[in-house]
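Working notes for the structure below.
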């Protein structure tokens, strides 16, 4: 049966999440909430310098303190291969990862870890940090991509050469990537209007409310158990095993409840240190970061400089587009510039384009994934420039997107053909939404008003998942997956199982298992859990249904042929029915427990998701402050399993995008010290900074997925900064190619004449 | 004949050509044919005998499960795609 | 000149060893070992503080002090909690219509007080702008003042009201104008063993009103980029007979914009006069550039806020029946 | 080792005594000594509201209170909101509205919401947003939280 014709009973409803009661009563246990008898508390010593050679580290006074049981530095980590390999989500250089955990030779950013201490109390561990003496030779820091590529710029890594460029010299440019097709010169020659700008966007942090944490216990036989807050327990296992050079079988990772991640909890910071100190001390070691450490030393996402030139003909068709994306990698290679290059023209059908992306190291923390990594920066450039083209051609801004919208069969800029996507449907929905035609307030004294729209696409990730679905003898079921649940995904997975087995969502008890209990499962990231782990659950349910038909045949003492399983019953060709509960109750006499299992690589079932954001702003022309009056987010979910949590992803992503657009930024001093390492000065939006955000779910089923699901976690963060900038332009006539659109910047732009 | 779409860096080895006609039966053989015609064109794609981490293969509109072993049809379009992740 | 206008973290203190000491290279962890006392009387508090010398600090709401301690302010070893000292939590309305605000009265209580609501709406605005409800329920006006951050919200509002400080120390008590209290970022006039025990707000007369506004990038949970407080009175003809104007976050301590305030006198607070006063306020500001905004931007905001805040106060004064 | 102070207090309606060092915050003691792990630490500096408790009937960040200050005071945490199996209307509405995703900020929001509704049983949207501005949520964008508080207020007014 095609998914579009199927009627669902559970999918599309809004049951209370299974872990809800624990989370509203304070009983849910997050990483910092775990404790073990005899546990030590670990703390980390961090560099105050952005770039310095480590001349010496003397830990002897700390080691000598009573109550201090372990002190480690970079020398206490084994040497590991210095090459990029498949590790973690995507690829990782283990040597870089190790150097980021504890610096060797040089410190490369303010907050770079140098040493760690485990002691009988947190207070004592901090006192011990004070007793560690480090001597530095301070080096000039390289704080942004412009400085990093300048002639004669100080080098972060003396041996780093540019991948993708033959015979390159040592450089701060770690990699160059390129997508191109058609003929740019010919394209621009055919343009009626050409616009070109250079965009600058600030480094921003995921801003999850729960700081990183880890609790490690090493037994006398070397077996390790690790509790931590992570988006991917298997990735944490492989990363820890790699940097500590231990076999995977020795390490069990138990994912605690996780207090937000948004991509930032896909790698390791404390985990290997806690394990190493537990190995040394023979006692469990618990580590929790402070907010200051989270901001200074965990992976934010890249600031960037993007040069973009686009031309369109008189009908608004984009005839040529040329982009250069320079992304801050932080201290080690690995910015999401590739994904920026994918996203920048993703919503458009283009024939002539070139996209060059450069991954550039700077003396800032090693970047990590952040919700649609790289995409928001890129769409800020393309979606504001396209808006400018529309303005110059006097075409409605949604209409110009409609005329260029990608659709099934279009060759994507990064290569393959597009399957069915819902971008055209989304644009239609936005154009006909009452918000788009609502009256804006007239100017009022210093206050002026404007409306903006922007779109954006995100490819989502497929990757691997496992699921085990066990039928209980009363006809209920238990579901085990390996996907840490950040936003209600265990309920959406349980709903898929319930739908397939004809149960209520509450009759399926879902749990998120440790790495010993379930098969390999990739990260909760790339918007993939409901799509990919959901696919594994769907397949496991088919496995259960096959077994139930077999068991029903045994109970009926008839051949299995012709028996179907529908709406929770096995049905014989003669119409006779046996309920799931009836079959389950007899499982002991028909072959033992009924357990379905499935493992998938969901790459083939993945489908991109497109989003759009429509926003009304108020600009105070005397102060430069931009307020958000109304926001509507549109997104193609393929199929919304639990619409309330789909809306939640869309609203949450939108508000993160608003923060990125209006106020969030890493502010460094000239010496490279992070000046706003607190939630007071790193300004994520409060409840008072945003309006209610209406979420409009578009459902264009993903043709590659049996339930039509598309990942919904990320795409919604891509459009808001561009939409806000477009709205500010509509209100003030000024185009600001810079993020965030902070009051001083807007104010300064309003003072200039052009 | 299947069609191999060349990435921008690969095109530099092939005089700017955007696509090559190749015969299978598998993706691996298709890439070997390309390498024979334009030596060095696939060098960056391989690490030893395997596709380098960070690359994968799409045929038409789908990322395939077995990149190098996938069988081609005469209408197949082969794309070399960077492995993509998310947050 | 100040190098920092933030809620003083230890790095802002230009005077190591006296107030906060050298910063540790850490951030937001736990407190180092301290001694804690909760005296019952002012005399006891003063003698404890005097005995603690430079290592002593008074604890009222703690919303700044605990952050400083977590950030590694090593000089502080003895905390003297004044909340159990008799009278410290008393908000007293005086016969002349003024107020005596005990040093441990929370900002939330200022905000809730009906007399403050009707008579000193500007002070209420300032008190209700400090952080969140969580912070306002703990933070105090006296603490805001003693912390001596140039960006303290209540200080321009209190300065505009011509508030004075009641200080008690080993040598007895003294009174000081609030505007003179802070010396610079994190530094104030308190001597060893001295405690700010109350703020005295003089009574109001006639068509009087005050107002406070600040500019912040978010709508809550921020430190003022600029804050401006004003208090003024009108005669029955609507002419300004009294005016005080105070600027926050644009100098090492609160700046009294005397010339601008004087310029308002005798006028009906028409737009032209407001613009001229705003220009005078702009001229007297000494802003610096830091993470919260460039100097020129701040200077511009001084003008904007001065105009807006005087306009608001004038409106209030005209509507106020007087007493 | 510093001398420990003996503190008598009332937590979630029950008399409690504990020993603490002066340098321990109320948050540390609630979590580490009294096992009230529903009180979360997100920033340690009073900027995120995750550690919100009612301290002497007023909303406060327990990370900015010394545990010794609790002598003779009352403390209420999220653990005291439900009575037995019966959830507080706010807790129920948060579930019904899907007003939580990761859930780490939820205890703080519930306490702040409760503090608001005790003062103001019929808040409008702006009042709700102002009252919750000291609590940061990074997942939801606040939409469903605001709606949950509105519906909880309605439910409480009608009961």
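First chain written, first letter: the chains are A, B, C and D, and each begins at residue 1.
Keep in mind that, in the parts below, a contact is a pair of C-beta atoms (placed from the backbone, for glycine too) under 8 Å apart; a residue touches a chain by one contact, two chains touch by 3 or more.
What you are looking at is a predicted structure, and each value in this text was computed from that prediction instead of being measured.
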Excluding chain A, groups that stay connected where the other chains sit: B | C, D
item: Maximum inter-chain contact count - chain pair; value: A-D
item: Longest centre-to-centre distance from chain C, chain (CA-based); value: B
item: Centre-of-Cα separation between chain C and chain A, whole angstrom; value: 42
item: Chain centre separation in whole Å, for chain D relative to chain C (CA means); value: 28
item: Centre distance in Å when chain B and chain C are each reduced to the mean of their C-alpha atoms; value: 68
item: Contacts with two or more other chains, residues of chain D listed in rising order; value: 21, 23, 43-45, 47, 130, 133-135
item: Multi-partner residues of chain A (each touching 2 or more other chains); value: 123, 206, 262, 290-291, 678, 680, 685-686, 688
item: Pairwise touch network: line, ring, star, complete, or other; value: other
item: Every chain pair meeting the contact rule; value: A-B, A-C, A-D, C-D
item: Sites on chain A touched by chain B in the complex; value: 84-86, 89-91, 164, 177-181, 206, 262-264, 266, 338-339, 342, 354, 369-373, 414-419, 458-462, 525-528, 601, 603-604, 606, 704, 711, 713-714
item: Residues of chain D touching chain C in the complex; value: 2, 5, 21-25, 28, 43-47, 49, 52, 55, 58-61, 63-66, 68-69, 71, 112, 115-116, 130-131, 133-135
item: Chain C residues within the chain A interface of the complex; value: 6-7, 24-33, 215, 217-223, 225, 290-294, 297, 300-301, 304
item: Residue ranges of chain A touching chain D (in the complex, touch as defined); value: 14, 16-17, 19-21, 23-30, 32-33, 123, 206-211, 257-262, 288, 290-291, 486-488, 642, 644-645, 647-649, 651-656, 678-680, 684-688, 690, 692-693, 695
item: In the complex with chain D, residue positions of chain C that touch it; value: 28-36, 38, 59, 62-63, 66-67, 69-70, 79, 81, 83, 106, 108, 131-135, 137-138, 219-221
